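Chains here go by letter, A, B, C, D and E, matching the order in which they are written, and residues are numbered from 1 within each.
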Amino acid sequence: MEAIAFYLFAVLTVAMFSYTVMSSQALYALSSMAAGMIMISAFFFLLNADFLGVVQIIVYTGAVMALYAFGMMFFDTTRAVKEHNTSKVIVLTLSVLATLLVITIFTMPIAAENISAAFPEPAGVENPKAVGIVLFTKYLVPFEVAAVMLLVAMIAGIVMAGKKMDRSLTKMKEEEIAMMHQEETQKKVTL
Amino acid sequence: MEMYLYIALFAPFVGSLFAALFGASPKTLWSGVVTSALLFASFVSSVTLFVYLLQGGEPIHTELMTWMATGNLYIPFGFVVDQVSATMMFVVTTVSTVVHVYAIGYMDHDKAFNRFFAWLSAFVFSMMILVMSDNFAGMFIGWEGVGLCSWALIGFWYHKESATWAANEAFIMNRIADLGMLIGIFLLYWHTGSLQYDVVFAAVPNLDTSIVTLMGIFLFVGAMGKSAQFPLHTWLADAMEGPTPVSALIHAATMVTAGVYLVVRANPLYSLIPEVGYFIAGLGAFVAMFAATMALVNRDIKRIIAYSTLSQLGYMFVAAGLGAYWVALFHLMAHAFFKALLFLGAGNVMHAMSDELDPFKMGGLYKVMKWTAILMILASVALAGIWPLAGFFSKDKILEVAFSSEHYIIWAVLWITAGLTAFYSFRLIMLTFFSGEERYKEHGFHPHEAYKFMLWAMAPLAVLAVIAGWFEQQFVHFVTELLPTFEFHTHHVEMMLIAVTSLMAIGGIVVAVLLYRNGLLNPKLQQTAVYKLLFNQYYIPKFYDEFFSKPYAELSKIFWKQVDLKVVDATVDFIATTIYKTGEGTHTMQNGNLSSMLRWMVIGTVGLLVLAVLYVKRYDILALMQMVFPGLGA
Amino acid sequence: MLEAVNVSFGELNLATLAPMLIAIMGALSILVVDLAKSGLHKSLYVMVSLLFLLLDFGSLVDFAGIFTENGTMFGFFNVMLMDGISILSQLIIVGVSMLFIPLALTSKRFHEYDYPEYFSLFLFMIAGFQFMVATDNLILVFVGLETASLALYTMIALHNRSKSFEAAVKYFTMGALAAGFYAFGAMIFYAISGSVEIHTIAEVMAADGFSNIGYASIGSVFMLAALGFKVSLVPFHTWTPDVYEGSSAALAGYMSIVPKIAGFVVVMRLFEFMVHSEVVWLQVILYGGVVVTMTAANIWALVQNDVKRMLAYSSISHAGFVLAAILIGTTQANTALFLYWVLFSFTNLGAFTMLWVNRQKHLLPGQSSDHPYEKFAGMIKIMPFAAILMGLFMLSLAGIPPFGLFWGKLYMISSAVTSGYTVLALIMALNSAIAGYYYLKLIIFMFMKEPVIHGVHEYYMMNASLSLKTIIGIAAFATIFAVVTVNPLIEFIATLVYNSGY
Amino acid sequence: MFDHMLSILIFFPALAGMLGFIVSKESIRAYGITVSAIEFVLSLVLWYGYDPSVAGMQFMEQFALVPAFGINYLLGVDGISLFIIILASFFTLIGIASLTETRRVKDMIITLLFLQMTMVGVFAALDAILFYVFWELSLVPMLYIIGAWGGPLRIYASIKFFLYTFTGSLIMLVGMLFMAYFYFQATGQWSFSILEWYRLVLPENLQLWLFVAFFIGFAIKVPMFPFHTWLPYAHGQAPTIGSVILAAILLKMGTYAFVRFSLPLFPDASVFFMVPVAVLAIIMIIYTAMVAYAQEDIKQVVAYSSISHMGVIILGTFAMNVEGISGSVFLMIGHGVVSGALFLLVGVIYDRRHTKLMSEFGGLAQVMPRYATIFGIMVMASVGLPLTINFVGEFLSLLGFYSQSHMMTLLAGTAIIVGAIYMLSAYKKAFFGDVTKEENKTLKDVNKKELVALIPLVILAVWLGVYPKPVLTPINNSVESIVQLMHEKAITPEAKAAIPNPAETKIAMASVTEVEVDVEREAE
Amino acid sequence: MMEIGLTHYLVLSTVLFAIGLVGVMRRKNLLMLFMASEILLNAVNVAFAAIGHYYGDLTGQMFAFFVIAIAASEVAVGLGLLIIWYKRTDTIDLDTMTSMRG
């Protein structure tokens, strides 16, 4: 049963992602990627990582994909980039080679005798709870830092998408800047 | 007595400095007079010292100051006046005083009068150092010093290409020989621990013969250069480019005999190695003849005399080489007088003929230049070795030495050379002063006799050329206090030898007089191969030019243009440009395209992965290889 | 049943968070100030940042004192790690940041400094780097790294020219790839050890006798790619010149120092134990990487036409030079790494500030980049003092004694010599010689060519302000009198490094 | 009074150079001359305070720079370095006094003062790193002098000069670090003090490697064949003052370093490499002399002649005995004086005609007799005529090497021949013959300023040729102690045999001669 | 074959990672490129979860959780950058940005 699920989802994920990578249609690519993300969450559920699966669906399929969708509309993908690839051979060789090499190693068994789980999954506790306990003890600091990171990302997003970036003070002459400031204050006054 | 020593040594130096002060200014008579006066003082001091020694005084040995001292090496400025150096000092100061006085007249019209005297006196100073030094290093100072002065004086008229060329040739040739001498000095130092004559000569008998032989050879190489022995002889004839007083002083009487002096001075060393002595004697005999033959046909009065000098130096080396050191010294002294006289006479002729040197354009000058002619004939007779003039005594002694030591071939060569000597001397005399017609008129010359005081200045030389031989016994007695005596075994044939030699000389004179009595010989003679060979100095200068000078210059050019620039430097530049070119060639991988930047990152990773897998799976891969190619072995 | 989690507050050792928290507080306070009143002058923010950094620095100095007494400190369930090298690297990070932040006070106006957010991002970034070095937990390293990187991308873009956008996008995209590599690498290490803490990984691998060498090698490769990207190891360096060119000189200089030291510390933590183990492979790879990075970067630097780009390549080369320390792996080598980087910071600070000082808003006709060599031609005739200073920094970079970097090079090469890496020492020496050329090139332009434009002082000192001049002064002073500081530095660094077990 | 003499000597010019920035352009020459004159006097004071009977280091100064790494500020002079220091200050004085350059003269003088600091520093430093610091630092002012005031190829020449020597010295630096490491291994302490290093007896194979590392650095500096090609460019392009200082002092750093480092640190390796080094030296002597002969530019003749003479210095150094090494050290001074003077002389004519091609001249002796005389004296000094300064050095060097090899000395001795060939032919081309060019007919003879610079050099060249003792004695004493050290440290039997023990040989030589004199007397 | 082991997940993860790499390398559209980089991170997440599962350890899930957080922030910043770039140049083709090279 598990095997069937694994292979099914594996084939689907690979197919979806491949389509994401290969498709020249941005919209299809986006859709297939969203599908792939959902498949991934299926693996998480398979692996008893329920919390992760939920997060995956919410964050990726919800938030990230929405962002991409907005982006796509913004960038007007109808006149999308014509991707004239010059060196498909290189790309393919490299990726196939990488896969083969890594798989070569991965087919070796892990000689893990001394591994003891640092944070064993407690029996009988639902996954989200267990995750929560670890997250808010051991991984509190990373969690907080991740919060900071998100804050940074937020600031970055705001700053960059903001109106001020339309004109470059870096490239403007001092007089122009003065003029601009004047205009701004005037605007405020008029408002 | 030390005072006299220092006066004798430094008076010429002071004179030289005095003249040098006015070196760049126009002629001042004073510079000539003062230098001559100072030289005269030097002469007087030398004579005083000579007499002092003659009266049985102890040799004087002084040390002025330290020159070099490092490690075990200790070289002082030390001077010694013993019988040999006193003789040399006497000869040097005498001739140079005469030449100085003479040159006041000779250089009368020259712009660089003062410079001339500065150099001339400097030369005398160097020569005095050479002969008075008590060690080999000091001798080397003088050795090189005379070389320098000779260079400056040969190239005195430096606007003449030929003069400067000859000067450089002389200097460089001498340098080649000096290297030999330097090596000789090194040998002496490392085997005896000193360069002082007394220490060295005391130590050499205890040394291995092979070492002493080496020392003898290398020192003699030095002597060969200075005394212009074959094959380093070519510079002497070319050196005639210098003013004639220079030729008289340097290239006849003093400097060129330095080689002989060296051998005589180093007699304790050379007497240990008779084989080298024989070689020296053999070479001397060869040069005597070789030079004489070239003198036979030459058409330049100074060069004829120069070859004659060369020939006579050969004689001296024969004597020195065979161990008859006093004989060599005796001939050196006698030769100095008459050869200087001969040159000064030639100088008079040149003066009269506006620096014309070709005797074929002269003839009949006797009428205008009687005294000069007389002096020159006197000198030539002395040179030819006619009794009772100086040459007779000294040269015959050398022939006797050769005969006595049973080197009959050498004797025979010298004997024939005696005839040749007489012949070319009188050929010169006949062509210049007699031979009937007055050819110079065709060329528009107006000869005149030289200044009176010049003639008077020559007089002492003339006197010495006549009488020097008469004091043979006293001389022998005097110098053999220092030098070994030479045992003659020829008493039974002595008279016969003298007779044979004299006949030869007289024969030469007679032939010359008869042949040239009526002027020039048949010009067809000049077409013969022998004549050409002799006239071109056996093609030796040409040979040197073709096989040494030109290849050296060519090789230098090749070294510079091909090797230094195109190999050595280019290698360095090549490394630099290769690095730079590599940069230029590869920095395009940074093409600014994000895709390729990403690809580079992946390439790097995959590359490392390949290495990793190869490393991890190396045994498997090896096994696989062995399976696929079983022949490879383990 | 779920066990009760007993956490004693004392054991948490909250103090270990203090330095980063100070930086984060600073960042937040700037945001708050901006909210309260917008449109304040940048000097306020510069000073506020400086103050917080000063506090940060002070706390680190405190830590250094505690460390020398009590040894390594752990905090927060052993996530935080305050050992010698973490303190040292944080000192460098914060110290250098303090020197770079006043570069915002230019006389000309640049876009980014009009944003208070810029300064808060700056402080967040510092906090990120601090987290990155103050832990051996790969998760926190990752999060810290990304925090810092995201802030940095934004700051580059804020310069607001098309080149800086291009630089930011390039940097970002490659950073995303590197993040993927990092995650993959960490995953492999997790697979073989069941842990994401470096010391546990080391212990597990040692206990297994490095039997998982295959996995470890692959993991190392991905880690090397990710961290190599950060410290610009060839061939993961491709972003460096473009990003340096695109960003402002002040930020470029900053990037040449701070992110790299953070990267070095992680590399050191991660690879040191493997280099010391029997894993010959990693030694060879590192050896090759070091040599190629040094040499190739040098060679590319030779052919640059822009000084900033040249300095970018040169900093790649210097990074390669320093990475040798990790290969050598002795205490002396690791000491040399920090010594080198401290000295390098001052010199590079000087060099990039000089570039910053003569940055114009608009390119002159015929110029294709901000700082072409030609711009500096004949500087000695117009601004002798500035030319001499710039020359000084170039000489120091070239390793001419007695200027700063020479001592670092000396100590580094010595550490190679001491541990038997003779050939490496020679390669390092010869690379210094090659590098001499491009530093010399600038000197030649400044001192031996005729000026392009005559008599225009502003041309060279467009951007100069008192604070910039002060910074240059500090850099020059530190570069010239480095010899005095070398001994205390060596002693201080060696103590910290040695007591951390490196 | 003499406690900090060397520090003063080193840093006085640098400090004066700093202050020089304030001095106005018009009076900078006077300032430069004053400063360098004071420095020269100070160096003479150093000589005055130097005790020639002491072989070891004097005026030692020490304080720790980087004690953790064994780097000290350690200074001292002995007979070997003393005179080069004096020469350095002397030439700086002469150089500034004779400066004819008018472009940016202030920069030039300040640069020269900094250069002086580095030069004195190199010869006074007894700590390897300190030595290296000054050694490298000296490149910078020289780079500037060549690059800013040089000829058309000046940038190429200056880069080549800098990078070439820089590369070599970096390899040397690696060698130094090795040395320090071995010292560390032996004693457990870091030290870069040369005097401490002298105490190390290294195994032979290590010596060989280290010798090579140091050799590359020194050989490029000297410059030895085949590392010499930077020199003709540097000289050819440098302004007169640059060439003078380069030839007179900077090149001596390499040969000095051989005596200071290579020989006493690696006696066995020195003996091992004696033959190859001597072969290189002989190639230098003959080959570069021939190249010099082929030159068309008179300055290049002098430049190549420099290389040729440096060959003799190297040969003397590797004679391994007191005579040879003393000779080579003396020749360093001699060559400094002579080649410095020759470059000044070339500068004189270049100032007048702005060309250095010999074909442009000819007959100068008629137009400029005084100039020709001084030039002639220096030519003669250069070819090593006895009673000039170079002869003493050349004679002793060759004499010394003769004890090691007969044949090679014979080959090397051709220096006196080939030297005469290129020098005399160059002199002939430029000074003899008729004045063919119209421009040359009106040339002015040397003026007072030039005479002021040249006359002291002439006096020096002759004085030290006639009476080298005041210089040679201190050199000899210090060299003796070095040879003694080498002899004691030598481990291989070949080296023990090749390096004489000065103390022993002195006694032996004396006894040999005495005994033999006695024998002679008895025979009489 | 029926038993799904860790290796299966690792191989799957590798394959997905490689697909991501292909995307990163071949995409010229920056937006699509960013999407490809998301695939990279997702691929790793699968492996993390699998390893954690097979060791019975929660660390893997933790890591995956943080990776998701990081991916999300990256998207935010990336899109921000892309927006200004697009405003400036009206294109998101990465072949257009080659003003710096060499």
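By definition in this document, contacts are C-beta pairs under 8 Å (C-beta built on N, C-alpha and C of every residue); 3 or more make two chains touch, one makes a residue touch a chain.
The structure presented is a predicted model; accordingly, all values stated were derived computationally and were not measured.
Q: Strictly by the touch rule at the top, which chains does chain B share as contacts with chain C?
A: Where chain B and chain C share a partner, that partner set is A, D, E.
Q: Which chains make contact with chain C and with chain E at once?
A: A, B
Q: Would you identify the chain whose Cα-based centre sits farthest away from the centre of chain D?
A: Relative to chain D, the chain whose C-alpha centre sits farthest away is A.
Q: Please identify the chain lying most centrally, where each chain is represented by the average of its Cα atoms.
A: D
Q: If you count the contact pairs for each chain pair, which pair has the most?
A: Ranked by C-beta contact count, first place goes to A-E.
Q: Computing the C-alpha centre of each chain, which chain sits at the greatest distance from chain B?
A: With centres defined by C-alpha atoms, farthest from chain B sits A.
Q: Rounded to a whole Å, what is the gap between the Cα centroids of chain A and chain B?
A: About 98 Å, centre to centre.
Q: From the C-alpha centre of chain D to that of chain E, how far is it in Å?
A: So the centroids are 66 Å from each other.
Q: Whole-Å distance, chain A centre to chain C centre, using C-alpha means?
A: 27
Q: Which positions in chain C are in touch with at least two other chains?
A: Residue numbers touching two or more other chains: 139, 143, 146, 150, 153-154, 157, 169-170, 173, 177, 191, 194-195, 214, 217-218, 241-242, 303-304.
Q: Multi-chain contacts in chain E: which residues touch at least two other chains?
A: 6, 10, 17, 20-21, 24-26, 28, 34, 55, 57, 59, 62, 66, 69-70, 73-74, 77, 80-82, 84, 94, 97, 99-102
Q: Residues of chain A touching 2+ other chains?
A: 90-91, 94-95, 98, 101-102, 105-106, 110, 115, 117-118, 130, 138-139, 142, 146, 149, 152-153, 156, 159-160, 165
Q: Strictly by the criterion at the top, what is the full list of touching chain pairs?
A: The set of touching chain pairs is A-B, A-C, A-E, B-C, B-D, B-E, C-D, C-E.
Q: Provide the residue numbers of chain B that touch chain C in the complex, in ascending order.
A: Answer in residue numbers: 579-580, 582-584, 586-587, 589-590, 592, 594, 596-598, 600-605, 607-609, 611-613, 615-617.
Q: Which residues, counting only chain D, touch chain C once they are in their complex?
A: 64-69, 104, 107, 129, 132-133, 136-137, 139-140, 143-144, 147-148, 154-155, 158-159, 162-163, 166-167, 170-171, 173-174, 177-178, 180-181, 184
Q: So in the complex, the part of chain B that touches chain E is made up of which residues?
A: 587-588, 590-595, 598-599, 602
Q: Any idea which chain E residues touch chain C in the complex?
A: 6, 10, 13, 17, 20, 24, 30, 33-34, 37, 40-41, 43-44, 47-48, 51, 55, 57, 59-60, 62-63, 66-67, 69-70, 73-74, 77-78, 80-82, 84-85, 88-89, 94, 97, 99-102
Q: Which residues of chain A touch chain E in their complex?
A: Touching chain E: residues 2-3, 6, 10, 13-14, 17-18, 20-21, 26, 29-30, 33, 36-37, 40, 43-44, 47-49, 51-52, 55-56, 59-60, 63-64, 67-68, 70-72, 74-75, 77, 80-81, 83-85, 88, 90-92, 94-96, 98-99, 102-103, 106-107, 109-110, 115, 117-121, 127, 130-131, 134-135, 138-139, 142, 146, 149-150, 152-154, 156-157, 159-161, 165-166 of chain A.
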